[in-house]
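Starting off with a structure, shown below.
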Amino acid sequence: MDVAIATLLSPIILFFILGMGAALLRSQMNVPEAVAKGMAIYLMMAIGLKGGVQMATNPLTLDVILVLLSGIFLSAAIPALAFVILRATTNLGRTDAAAVSAHYGSISIVTFVAATEAVRLSGLDSSGHMVAVAALMETPAIVTALILALAGRPKAADEVAGAERGELVREVALNASVVVLVGALIIGWIAGADGTASVQPFFTGIFQGVLCLFLLDMGLSAGRGLRNGWRTLGATTVGFGLYMPVVSALIATGLCFVLPIGQGDAALLITLAASASYIAVPAAMRLALPEARPSVYLTLSLGVTFPFNVILGIPIYIFLASLVTA
Amino acid sequence: MYSKQRIELIIERMAYKRACRVLEASGLTGYTALPTLGGFGGGNRWQRDTDISGGSDMVAIIAIGSPERVTKALTDIENILGAHIGVVSVSDVQVLRGERF
Amino acid sequence: MYSKQRIELIIERMAYKRACRVLEASGLTGYTALPTLGGFGGGNRWQRDTDISGGSDMVAIIAIGSPERVTKALTDIENILGAHIGVVSVSDVQVLRGERF
Amino acid sequence: MDVAIATLLSPIILFFILGMGAALLRSQMNVPEAVAKGMAIYLMMAIGLKGGVQMATNPLTLDVILVLLSGIFLSAAIPALAFVILRATTNLGRTDAAAVSAHYGSISIVTFVAATEAVRLSGLDSSGHMVAVAALMETPAIVTALILALAGRPKAADEVAGAERGELVREVALNASVVVLVGALIIGWIAGADGTASVQPFFTGIFQGVLCLFLLDMGLSAGRGLRNGWRTLGATTVGFGLYMPVVSALIATGLCFVLPIGQGDAALLITLAASASYIAVPAAMRLALPEARPSVYLTLSLGVTFPFNVILGIPIYIFLASLVTA
Amino acid sequence: MYSKQRIELIIERMAYKRACRVLEASGLTGYTALPTLGGFGGGNRWQRDTDISGGSDMVAIIAIGSPERVTKALTDIENILGAHIGVVSVSDVQVLRGERF
Amino acid sequence: MDVAIATLLSPIILFFILGMGAALLRSQMNVPEAVAKGMAIYLMMAIGLKGGVQMATNPLTLDVILVLLSGIFLSAAIPALAFVILRATTNLGRTDAAAVSAHYGSISIVTFVAATEAVRLSGLDSSGHMVAVAALMETPAIVTALILALAGRPKAADEVAGAERGELVREVALNASVVVLVGALIIGWIAGADGTASVQPFFTGIFQGVLCLFLLDMGLSAGRGLRNGWRTLGATTVGFGLYMPVVSALIATGLCFVLPIGQGDAALLITLAASASYIAVPAAMRLALPEARPSVYLTLSLGVTFPFNVILGIPIYIFLASLVTA
């Protein structure tokens, strides 16, 4: 409870709420796209470096590898469940349902960061390899979702004109967040704490502050997404955006019971499972399933699930993690 | 001055490269892409700034070429626009140095 | 291909929403806004970058539609341009999928 | 005198002069719009947070409320005086004169920040609620100016096509500077010094440096505004841009004699009165009085008054404040 | 509505000011410049973002004016395009408030 | 050798390699232009300020003036040699060869910064006036190259329509890097260590980190330049991009033997001679020699020489400097 309130009253969350409120009140203010993109790259560099430096001091044990594999499993499995639920409870077609489910299997790196802060505020420790888990969870969900979407098609659909072999793989494997996150992780690993000392004022010192500005923008983005898009979503679809993260979190919690994982890391793994992508997966869906409607999956992931996770979800996930290790 | 045609293709950013390949394949000698700020279509307004996902981002592509090449490009553009979000229009223009197009 | 018209409205940014409302009210099914860098008018040059106030910022709005809707929109655009800084031009274009406009 | 020289030789002012010089010499260099907008949001967050944290420790006394009300009064009253002066001494029409006067009633947050630094350099204290005063002074001037402009019209003017009820109110009450400044003030107030400690390296540590970069851009902007626009202004209008800040400052000084206010806060209130808006008010004027010429009010406020205030005005206003408390 | 012409000049950024001077000298009453994102020409693709040098950056300049002024401007534009990278096209448009152009 | 490895494994260089690798693998990721431009301005302010503050404490001795003059000499002389080599060994025409040679006479400020870091890592000292040397070396090369290009023309070429007297001089003398670098140098000189103390967290504290982000972008830029452009270059031209920096470095090393210069400063002077411009000179060439092909000079300078210098060259140049003072 205290954690929940401390999280809610941290500047990061308050700026998110400010942005969301301003957007819902139809303020015209905005953060320039270029600045938001620049901050997104910065945040991923910072997270990657931090994770890499931490990993440099801890050997890659079997325990760690088990957690990495669990992440991949969650990312690949959750979309199947999400797809079944969506087809059963909403009026989304096969393609839309598959596209939405890809988002819920994949992860949101900002939710991950917010959870890392909340974990720290709760006095728990988390380890650097959770960043690697996050990176690994980005893409398996896309594969599952494509199988689900294409399974229902009578025969292989004709290619869109101008499509090129390998463009989807390149997009999925070499998008900015994979390149920067994994790249910075490796750089942190190579350079270690000593080698990265001179860049820490930038990547650690001002990190929390930049996050405030970024979350202000996320709030504007989520609020506007919600205001423009909620009409295209039925009530059951909106409902899905609220309970699906909890469902994923419970599955991850179950898994944590059998994993050799600390409380802090468990909270992060649960959060990753619960979080939904809103940058990398939408881009991949536009290439792979262009007939799926972005207004559905973006509104749901960015306008419904992201605010839910950041404001209410994270304290719940930390609580779930405490059950595991209790 | 020489008579040519001008294609103006407004298309979602993720399909930009596909459109480029189609234009190049049709023999058009050049094109230029412009950024967009926002717009309206299908009953929805969108706005580039503060849409962190970039999900509804569009680009405007302008290509000037001979009527034959433009016609050739349009078949494939029609195919792309069957799958992707976008609008295309063609108009008549006059150019200098007509042999370049 | 179907014959339609293309409106190109270059207008100061603060009047952008007003222009959007007018275009939507006229029944046009879509439009796209593009950013500008600078320009010249009334004897003055302006430049977007390093004009901290954004005071002379313009946007270019492109809308493709049927001649009736375009004509309908133009009346209100004329009214807006009575008060606000801007320029409008209309040209003939050919489109695919004509039922959309 | 020492203060004046110390202020003049601080990197912030020197970078402003550098930018202005480069623009006047027709250098093509510029700071990208997106970066400038990003910095503007950053500066307002930082100022708001700082003010909020300070307010969290000081109760909202009657003295403070009196200062807040004085700010509102100054913002509302100065445009009336400015309007009369402009109509009497320049050839500006009613609408242009009203639009210009709105700018002089409202405030420039960058001038405020520069004054805060100069006040600190002079060894004086200022309090967090001056940020609230600044926020409150943004808009009353607009109301006064609209009354002045519309009073002269035979009957209510026809609405511009596409105008929407409430758009002006939304623009004025929810523009970026109000949202971010007031929002950050409240967040600082809620989170307090402890809650904001982790974001201080970003919002306090690098603040002065970011200000240098921002003022370089302001210098380019002011210099270019002046070079392009001065021909549209008559000599009496340019003169107005130079003496009006001093007139407003004197009025505020008079008010300070009867207010329960410290020397540092007095210097800031006088500076706020003397400063002229160049972002929020121009935007409101384009909506409310589109027939007023931006080349007049922008050149005056950004090209004449802003440089005057930043280079020469602030030391004068600090001196005036010393008279009050002497 | 009045019949005018619309110049669309896509030109490398470093030659932007030269183009502006030419347009102004020809008596055209205004123009607007738009940023570009990337493009293709002479067998090479280019892309604005992450080209730190800005070396292949282009701008699109739109100017609406009377046929005489447009024709006058084109002579000098042809000269500029002899040295600088770019493309120009001219089309017919209809405008409101024709006396302004 | 140790220095070479330490340099190679520093985060700055690793991020450069990451960016270059991502570009060569055809990743679509990019850093927004506005952010890159903003960082470039920041870096030049930081370098200038630092140099200025250091110069404030050291008098401008004759020794320093000799080094400044040597920089000007190198910048003016190297293009002549480069031109002769290019005409003899490649199939570039007179104009293209002159344009390329201008780039190699002028300097790259990012290479300079990377060298400053490597010099510091090697435990050597460098002095603030090397920033002034860098600034002075930007332009003489352009003059030499123009003379070489125009000498071969039968008579003065007709001016391009719209060209204006003085535009080239303004571009060369008042481009962003000259204005900011020289401006910040003077500001640092005036304000000194005390006056700039409050801006140091921004300009010194986070400098190394910002450099990482900037070099990630440089890597993307260089990799893309190389991938798109190498086909337009013949093998001998690519070779020129690899050996010319070493040739220039050797000339500068020779000069250092007769100059009163410390080891750290010598390393920087050699690096400056070896580095090639990719922003200021290309812009000047577009105005002065528009018929020269940017795909040639940009690919060479940004795609070949810059990576060579940053990854391999700098350790070599530090080694050369050690010979001088040994």
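Each chain gets a letter, A, B, C, D, E and F, in the order it is written, and its residues are counted from 1.
Here, a residue touches a chain if its C-beta (ideal position, glycine included) is under 8 Å from a C-beta of that chain, and two chains touch if they have at least 3 such contacts.
All values reported here derive from a predicted model rather than from experimental measurement.
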{"item": "Chains in simultaneous contact with chain B and chain F", "value": "A, E"}
{"item": "Given chain A and chain F, the chains that contact each of them", "value": "D"}
{"item": "Chain C reached from chain B - shortest hop count over touching chains", "value": "1"}
{"item": "Far-end chain from chain D, centres as C-alpha averages", "value": "B"}
{"item": "Most widely separated chain from chain A, with each centre as the mean of CA atoms", "value": "E"}
{"item": "Computed distance of Cα centres, chain B from chain A, in Å", "value": "33"}
{"item": "Centre-to-centre distance between chain D and chain A (centres being mean Cα positions), rounded to whole Å", "value": "41"}
{"item": "Distance between the centres, which are taken as Cα means, of chain E and chain A, whole angstrom", "value": "44"}
{"item": "Residue list for chain F, restricted to those that touch at least two other chains", "value": "30-35, 201, 205-206"}
{"item": "Residues of chain B touching at least two other chains", "value": "20, 34-35, 45, 77, 91"}
{"item": "All chain pairs that touch each other", "value": "A-B, A-D, A-F, B-C, B-E, C-D, C-E, D-F, E-F"}
{"item": "Residues of chain B that touch chain E when the two form their complex", "value": "1, 4, 6, 20, 23-24, 29-35, 59, 62, 64, 91-97, 100"}
{"item": "In the complex, chain C residues that touch chain E", "value": "8, 10, 34-42, 45, 58, 60, 74, 77-78, 81, 87-91"}
{"item": "Residue numbers on chain E that touch chain F, as the complex places them", "value": "12, 14-15, 17-22, 25, 44-56, 76-77, 79-80, 82-85"}
{"item": "Residue ranges of chain F in contact with chain A within the complex", "value": "9-11, 14-15, 18, 22, 25-35, 201, 205-210, 212-213, 216"}
{"item": "Interface residues, chain F side, partner chain D - complex", "value": "32-35, 37-38, 41-42, 45, 49, 170-171, 174-176, 179-180, 183-184, 187, 190-191, 195-196, 198-203, 205-206"}
